[in-house]
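Naming follows writing order (A, B, C, D and E), and every chain is counted from residue 1.
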Amino acid sequence: RALGAQQIVFVGYGGVNQEWYEKLMVAEFTKDTGVKVIMSSGPDLAKLKAQVMTKNVEWDIMTMSSGLAVGAEREGLLEKVDYSVVKWQDSIQPSRECTFPFYTYWGGVAFDPKRFPIDKVPKTWADFWDAKKFPGRRGLRDRADEMLEIALMADGVPPKKLFPLDMDRAFKSLDRIKPHVAKFIAQTPQTISLVQTNEIDFSYAFAGRVDAAQKEGISMDFVSGQPLIISTFIGVPKGSKNREAAMKLMSYFARPDMQAAYGNALPGNGPIARAAMPMLSGKAKSMLPNADDPQTAFVDMDWWADNFAEATKRYKQWLLG
Amino acid sequence: MTNVDERLSLTTAARAWRRTGSTIAAFVYFFLLMPSLIVVPMSFGDKREIMFPPGTFSLTLFREYFFASTWMATTLQSLEVAGASAILSLVVGFLAAYALVRYDFPGKRLLNLVLLSPVLVPVIIVALGTYLYFSSIGITGTTPALIVAHSVHTTPFVVVTLMAGLRHVDPNLEKAAEIMGAGRIMVLRRVTLPLLMPAIFAGAMFAFLISFDEVVIAWFISNTSTQTLPVKMYSSIQWEVSPVIAAVSTLLTLLSLVVCLVSAAMQKPA
Amino acid sequence: MATAAMGRPGSKGDLPILLAPVTALLVLVFFVPLSFVLFYSVYDNGLTAKAFVSLAKSTLFLRVLGTSFDIALSATAVSLLLGYPIALHLARQPPRRRALLMILVLLPFWTSILVKSFAFYIILGNQGIINQALRWVFGEAAAVKLLFNRVGVIVGMSHYLIPFVVFPALASLLAQNPDLRRAAQIMGAGPVRIFLRITLPLSMPGVIAGGLMSMVISLGVFVTPTLLGGKADMMMANLIDFYTRDTLDWNTAAAIAVILLALSGILIAMLSWVRRDDGVA
Amino acid sequence: MAMVRLEQVSKRYGSVAALSAVDLSVDKGEFVTLLGPSGSGKTTLLNLIAGMVAASSGKVFIRDRDVTDVPPSQRDLGMVFQNYALMPHMTVFENIAFPLRVRKMPSAEVRAKVEDVLRLVQLPDVAQRKPRELSGGQQQRISIARCLVYNPSLILMDEPLGALDRKLRDQMQLEIKRLHGQLGITVLYVTHDQEEAMVLSDRICLMNQGRIEQLGKPAELYFHPATPFVATFLGESNLLDVTLVTAEPAAVVRGPGGCAIRSEKQVSMAVDASLRMLVRPEHLRPLAQSESACNEVSGIVSNVIFIGGITCYFVQLPDGTVITSRRLTEGAGPPAAIGSPIRLGWSAANTVLFPAGT
Amino acid sequence: MAMVRLEQVSKRYGSVAALSAVDLSVDKGEFVTLLGPSGSGKTTLLNLIAGMVAASSGKVFIRDRDVTDVPPSQRDLGMVFQNYALMPHMTVFENIAFPLRVRKMPSAEVRAKVEDVLRLVQLPDVAQRKPRELSGGQQQRISIARCLVYNPSLILMDEPLGALDRKLRDQMQLEIKRLHGQLGITVLYVTHDQEEAMVLSDRICLMNQGRIEQLGKPAELYFHPATPFVATFLGESNLLDVTLVTAEPAAVVRGPGGCAIRSEKQVSMAVDASLRMLVRPEHLRPLAQSESACNEVSGIVSNVIFIGGITCYFVQLPDGTVITSRRLTEGAGPPAAIGSPIRLGWSAANTVLFPAGT
């Protein structure tokens, strides 16, 4: 095939997740097509925009947080997904025109079991907001996505009825927790490390991160009475010089067997495709929330696509106030 | 602040005044030194803890640094970029410093200010602008692009250092050589440059270290294959908490120590 | 004869050769990028001032502007308060000891900001050295929050800024004629009066230069607030970063950059006015 | 009453002895100059009196009070520095008012005093200027005024005119002399310029290597130098090795070429002892054919140098020694051609003898 | 053949005229000194000849070749600087060899030449030292040696002795004079020290404000100054306002107090014209009771200052003018007391007259 001589650039967030993309999807793709993949890290909206605007696109395929995916989509920085190459299957989240989710992860509360017995740890978001009953320093994120959702849940909105988000109500709710937040965290690893170094007691964190920390031997545990499920997306920058190969690589990320293997490798991360569920190991399955449980919430990408900028600015402003 | 000989009896007020001053100074010296004192023991801890003092003593972190290809590759890249921009800024800076010290021309003061402006303009602005511009001509991500971008930043330091050095090189020496029949190149080679060597060396060290430490511009301009060490550190802090940073920090502190010993030595003759 | 033309008596023929490289470097890699920023600040599918207009009305921007000045001023004040005694102490040391002590000031100056931030995590943190010491002396409740708030930012920034205060202050202290203080002593003045009436006023140009330099630097600071600051410690550079990366509003980002540039420009103009007698701006 | 008295004062800097066991006494109203080569300890001595450095041993008295351990601010003296030491950020008025302010004098009185003293130094109109707006000589006057304003009975001056050019210097010398006479203050003055010392001083204290070499009136030092060092430091001199012929009542020595040279003083040494003889160049007078003098040498003019008002004759004696004679330049033409023979004469009063090896 | 010739050379720095239309010609083998106050353009003139600055207008000739546009490296001259300008990173040998290396001389020859010239300046043993290991005077000798080694026929010296102390200076002056005599080189020498200029020069070129004020032999300038500026710059002088009484054949003027003063020159001015009269202090001789002189004034001794070999008498004339007389100090006691009347006399040859207002 003509793809043989090529190489394409993959951009992800680095770390252990990326190691597994490389071992699974990318290795398989290279084996099949002979296309070399350069693994790079640091997906960044500004860099993406600059590349697209100046028609000098270095990246060919990138993984994106939901916020980044929404931004890239809105700014028209992504190629349309060629669903003739990517075989989309029945999934717990819908695919989109320019991007699709390929695994989920979920947010709850991380804490140090050495410092807090389980009954002193907030389980629901209402508990998390209740500093009297569950005293301790909180850690939240410094961005609007996910925070507005848990603020509404804490205020009593049923997890399945979050969207469209009632922003005013969410910010009112956030006002109540603000005095108890020791740090609004920018970098995901800090959701764990700040608990570890005793800067904070209860951190909004992701299950997969806690699992990884436990494997390192760090004293860390995780509860979530009201899990919030978020997806990681993948897409191809507009004007990619290797669009065809990139689409081909994307299709590997949509494959249920790949997603299942990934889910097994990193428990706490779940496949999107329903067909992948049966292939999960017992341990992996036990570490995933039940998507259909009434207490489980999903982030709605459509709402965020329309409201991301406004919500984000308002959140930053709220932080400063 | 007082020049009276120690042994002359001072008024009580004078003595209290001096003691207060020395105490405050000692406190501030300690404050200034603390970070450097901290990172070194930290780097001998092990992989899991980020605590001071480290509970264990091991070389794990150094081993990880030296054997992980990603750290070594970025270090080599940083060495290359810092080395090249030091050389480039030395050449450019020497010519400019020579003009500024030895010649009088209209707009000299302005040029002086303009030369320093890359240091004075917030880096984030330069980084953003450079990125936009370099992408438009399609050279982002290349090592030469990094080198020139860093050179703009290091040149002012080189110019200032060389100007100070040149002020200590008596222009009469150049004059004398020329009157004795030496051409301009010969004067440069046999008189100016040998005498300027200490300043050139110091300027080179400063330029090297500044480029070696620079993160914001490199963060915008470099890509995977041209990533520098600080960028790797920065993204390490961002995406994975790796105590290897302590080891890297210790090595960088060592480098800083060398550079400031050199610049302290430089200040004595001045 | 080429060499003769080049070396013509008193000629300035070589000036272009000497200045061309630096000019090229500055123009190509500094001024053109800056003009890109200027361009983006007024261009969004046609010339427009809308970014500036909306910034003038944006509470977010105005707050950040306020915070920036707040932090910059406090960090500058702290640096002056800490840096001046150091300069004073250095100034009265014999040259050899001064050169040694100078290393203590130079070391932080030449240390990577990343290294320093990392170290401050360990020093200021809840489990950090200071809090461990406090707990050890006063018990569990004595721990104070030093990280992820204004304290952390000010500590980190002053640490970074102190050398910038010390250098010019020391220079103007050393430039003082020691006979002035001797004369005052002989005329009967005590140490406090000598300090307040002579040493301090005469070092003012250096102090002001150091203060302005600190302001310029701290207004543009980017890394420290992110790593050591809390929720309210957002500065202009961080806002630029936010508009650049999170909302992709480059028009606004560039406009903030232009405002920041203008503010720095004013401070630098003041700086070069203070230093007008030194020859070098 | 001795204004200043030093008793066996020594000062060491590490291994350098800046002053060795110096005794000195300065009377009230006297003008004493410390003169000596660079590094001889003049500034050290002054600083010891001012209290800027502490003595390694010995005692310092001012107005008969032991001030050895008193800080400078409490010694009540004035000091004038070579570089003026005017506060650049204060106006002339503020500069002069400074010592009065220290003494908490009421404002009205300060104003009056400053005006008085400005008139005294003949600069009544510069009160509102900054020091940098004045010439060097004017600045030095202000610095003297600042010193006079609080009436210290003792004023120390460390090469106050060293930074001024010749003309201004001559003028300021007269000015300082006038003020000293007018105000009756005691002045201890440092210089390394012998002319300045001779013009100004009641007594000169000639220092060398941390010791006082000779202390006395200018003419005393010039005409009766205690050592060849004093002789050579003050003025030009011809020094010759001679041997003693007659010791008393007035010494006679044998000079170069065997000629007998008479002096007016007796020498307490044995006959045939080696001596050094000094005669000042201006005391060597070329003798006309018929003329004769008490002492005479003859030789050949080896060089004539015309230096304006003075003409120098270099005369080579038969044994090769070259001696110098300085005469006023009388007319346009030189009276002696190079290579011509010449006889030089001088009076016995102008022969000065020292033991050899000093 | 003129070694150097300047034709109407001017040099402006912005609005400052450092040199205005200077004409100067220096003969081969001559020793010409540029003398003048600070800022008078001496260095500028030297730099113009060396090629370090370009003339704003006019032409420079060296050995009758127009070098106005020739770079310094091709003018074949030598220059000695006040601060020696020895290369601190080279040994004495390398320093002196430098101009020979530039001329690509073979090594053996270089070695021989350097040794020769080191012997010439009487420092044969310092070849392997670095300049900083030498004293100031030795360094200046090396710098002269470096200049002599390549036999430039013209040597420029810009205050070569300015950094040395008095003693060393006198010694080096003789040294430079010796080398000039011995080697027959042409020297153009800058100084602002009048004594140095008089000691060294064949001719002195006295400069003032960018112009040549007078050019001539030292004695010519001293005894026949063209202007009062020259008179006051060279040596001490008494300047008095007088009116012309007789113009020819030898002018007679009316001085202070109406006394008639004779000169030896005629003046081409109308009777009663105002003139300025100069008489040197050393030409004013105190007259004994019985003595009389061609010209005489009488007054009161207002001050006597003893400056070593010289004693200065300040004499106040009846109209208040103070004139100075300088005499050799002959004995220990001053011959005239302050306040006593005195008569001063001088010969007609020593009266110099200038038009008033110069």
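One rule holds for everything that comes next: a residue touches a chain if its C-beta (ideal position, glycine included) is under 8 Å from a C-beta of that chain, and two chains touch if they have at least 3 such contacts.
Keep in mind that this is a model prediction, so the values were computed, not measured.
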Moving only from a chain to one it touches, give the least number of moves from chain D to chain E.
1
Using the contact definition stated above, find the chains touching both chain B and chain D.
C, E
Per the contact rule at the top, check every chain pair and give me the one with the most C-beta pairs in contact.
B-C
Chain separated most widely from chain D, comparing mean CA positions
A
Roughly how far is chain A from chain B, centre to centre by C-alpha average, rounded to an integer in Å?
39
CA centroid of chain B to CA centroid of chain C, Å
16
Whole-angstrom distance, CA centroid of chain A to CA centroid of chain D, is 91
For chain C and chain D, what's the span in angstrom between their mean Cα positions?
55
Give the residues of chain D that touch two or more other chains, as numbers and ranges in rising order.
51-52, 71-73
Can you list every residue of chain C that touches 2 or more other chains, as numbers and ranges?
3, 6-7, 121, 127, 182, 185, 190, 244
Listed in rising order, chain B residues that touch 2 or more other chains are 3-4, 11, 14, 50-51, 132, 136, 178, 183, 237
Can you list the chain A residues touching chain C in their complex?
44-46, 49, 67, 71, 75, 142-143, 181-184, 186, 197-199, 309, 312-313, 316-317, 319-321
In the complex formed with chain B, which residues of chain A make contact?
9, 13-16, 38-42, 47, 50-51, 53-54, 56, 58, 187-190, 192-193, 196-197, 216-218
In their shared complex, chain E is touched by residues of chain B numbered 170, 172-173, 175-183, 186, 190-191, 194-195
So, in the complex, the side of chain D touching chain C is made of residues 50-52, 71-79, 81, 83, 85-89, 98-99, 102-103, 146, 150
Chain E residues touching chain D - in the complex, by the definition given at the top
194-195, 198-199, 218-219, 222-223, 234-236, 280-283, 305-310, 326-332, 347, 349-350
